[in-house]
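Next come two complexes, and both contain chain A; in the first it sits with chain B, in the second with chain C.
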Partner chain A sequence: MHSAFTRSHALAAYTVSVLAGLTFACFVTTAFRDYNADTTINTVTVLVRNVPDYSALREKNDMGFMIFDLKADLRPLFNWNVKQLFIYLTAEYETPNNKLNQVVIWDKIIQRGENALLDHKNIRPKYYFWDDGNGLRGNKNVTLTLSWNVIPNAGHLPNVVSTGSHQFSFPDEYTTTKM
Partner chain B sequence: MDSLFDDLKRMNKRQFLYQVLSFGMIVSSALMIWKGLMVVTGSESPIVVVLSGSMEPAFHRGDLLFLTNFEQDPIRVGEIVVFKVEGRDIPIVHRVLKLHERDNGTVKFLTKGDNNSVDDRGLYAPGQLWLTKKDIVGRARGLLPYVGMVTIYMNEYPKVKYMLLAGLAGYVLIHRE
Partner chain C sequence: MGLNDWFNSLHMDYDGQARAEKLSRIIILLFGFVGFIWGYIIQQFSETVRILGAGFILAAILTIPPWPIYRRKPLSWQKVRPQRSGDSDGEGKTKKKKQ
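The block that comes next holds the complex of A and B.
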């Protein structure tokens, strides 16, 4: 009646259902959590150049550049079902060409156990801030926001836009000198 | 082993036919669930398996992703999208890095893998600089780790696949409820 086959079969089935139950509990206990937090962003230097974009069609496009400060306490966001936070700084603006432009200029991965208290001074962008044309010079309304994508052990993947954004304008003249 | 086939010996023709039909039911319900998910999520492939490490440490090889692709749901920067590139069979799972949306609603965007140092322009079709909505298979909404390893093993070692299929079919046919 209880052959080795039936025993191992029962054991395997039981293991799988326990694992499935635990995974589901992990998901349900954190599914309705609010992952918002406050951030403080500030620009130190802002300038715009008009240079050929060799990563695209080699046309002269506007390229923004800024040095910025960033402050955020993301420690409360972590719980047992948060494996990692992917945080990204987005520049959002409008141009005559496009009603919406979103460019990620900096990002960072914070895994569980790593320092989630951010206090960065004078960071440079990680990615080039190319516009889709020439819409950055004299642009009066560029918004920087910090957002994060919560990566769970198992569960859904919310993208959260934090409260606390920073608005700035680009200068009316292109910068031509090297920094 | 004898006891395994005892049930089969005791069956008559009708009972055996019933087992075959119930096996057919299982196969067709699986197909119905898959097609039903396609309708509900709007994605042509509502569940995908991560095949590469380009999104590590968020997604590892063998993780299962649940996708949606609702028309009214706009694509925004920071979202993880699954897209197909002309000339490549395997869809890619990467994050949107840049996005430009025109007044008439057409949108173009650039992606990058979290674990890659450069954006995806090198992966796109020659001369392609941007992705558009038609390239998108879906957007990642849920994550289930490890489960997809089963399909990876089955694809890498076809023998495992046939053994598993034969085992399942045999189990359903032989065992009586």
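The block that comes next holds the complex of A and C.
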């Protein structure tokens, strides 16, 4: 502490230490929050095609397509330790080949300050819903579930599966016409 | 103004150093605490960081430059004794031996 340089050095080091402590305290205040919320999902149109998957083996695979509605109030999830939410919609289903298939078909990033009251009508999937075979046609039990990652300032990264999912079945016939 | 005065005007005395350090820590802790409470109330951690930054600036202004209040208790050194030529030679030799 004998010169201005050592004093500024000590001051900066101490400030950063206090900042680290405050950040940890901020994490502690939100560590045990429940980040769950209720969602409402509805499918408007559901169809399935049988088309070659050029991204894989060029064999004809089932590709599902649906237009859906999504309603969720994610505003209570935000607090001072949440920077953004990464929400994603997964389709889960069972086929003779696999006990559990999970395909992400849509996602969205909600940053802090953006509108977190979701009320989307007629969303189209962002990503292709490919099956690795022919397991979609006539599949009676496909579940759409919304999940999210909570991205904090400091702390762990919760992965939450929301309550409120939607079950639907694919038609028994392939769609061949263009929409 | 002699060399000694000029030197003293740049440096805090020991007591001043201790007080400057204590004061800087009190300011940082106080601003950190207040910032934490305020940030929690408005649920904005960036405000907490900003208030802590304000405390840093205030502490820097108050405790880094050697203000006169940190120079109130200078050490009273003994007067420089008149040097004898033999002593300085002797000191030089002992230093060389140590190395």
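Operating definition for what follows: the second predicted complex is superposed on the first by the 177 of 179 C-alpha atoms of A that agree within 3 Å, B and C clash if a C-alpha of one lies under 4 Å from a C-alpha of the other, contacts with A are read in each partner's own complex, and residues count from 1 in each chain.
Everything below uses one rule, namely that a contact is a pair of C-beta atoms (placed from the backbone, for glycine too) under 8 Å apart; a residue touches a chain by one contact, two chains touch by 3 or more.
None of the values given here were measured: they were computed from a predicted structure.
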item: Superposed partners chain B and chain C on chain A - clash or fit; value: fit
item: More chain A residues in contact [chain B versus chain C]; value: B
item: A:Leu22 touches, of chain B and chain C: first, second, both or neither?; value: second
item: First (chain B), second (chain C), both or neither touched by A:Phe86; value: first
item: First (chain B), second (chain C), both or neither touched by A:Leu57; value: first
item: Contacts of A:Tyr14 with chain B and chain C, given as first, second, both or neither; value: second
item: Following superposition on chain A: angle at chain A, chain B versus chain C, Cα, nearest 10°; value: 40
item: Contacts of A:Ser3 with chain B and chain C, given as first, second, both or neither; value: both
item: Which of chain B and chain C A:Asn153 touches, first, second, both or neither; value: both
item: Touched partner set for A:Lys126, first chain B, second chain C, both or neither; value: neither
item: Overlay on chain A, chain C to chain B nearest C-alpha distance, Å; value: 10
item: Residues of chain A at both interfaces, chain B in one complex, chain C in the other; value: 3, 23, 153
item: For the chain B and chain A complex, residues of the former touching the latter; value: 3, 57-59, 76-80, 95, 97-103, 108, 114, 119, 121, 129, 140-145
item: Chain B-touching residues of chain A, taken from the complex the two chains share; value: 3, 23, 55-57, 83-84, 86, 88, 90, 97-104, 109, 111, 127, 130, 132, 147, 149, 151-157, 159
item: In the complex with chain A, residue positions of chain C that touch it; value: 11-12, 17-18, 20-21, 24-25, 28-29, 32, 35-36, 39-40, 43-45, 48-49, 52, 55-56, 59-60, 63-66
item: Parts of chain A lying in touch with chain C, wherever the complex brings them together; value: 1-4, 7-8, 10-12, 14-15, 18-19, 21-23, 25-26, 29, 78-81, 153
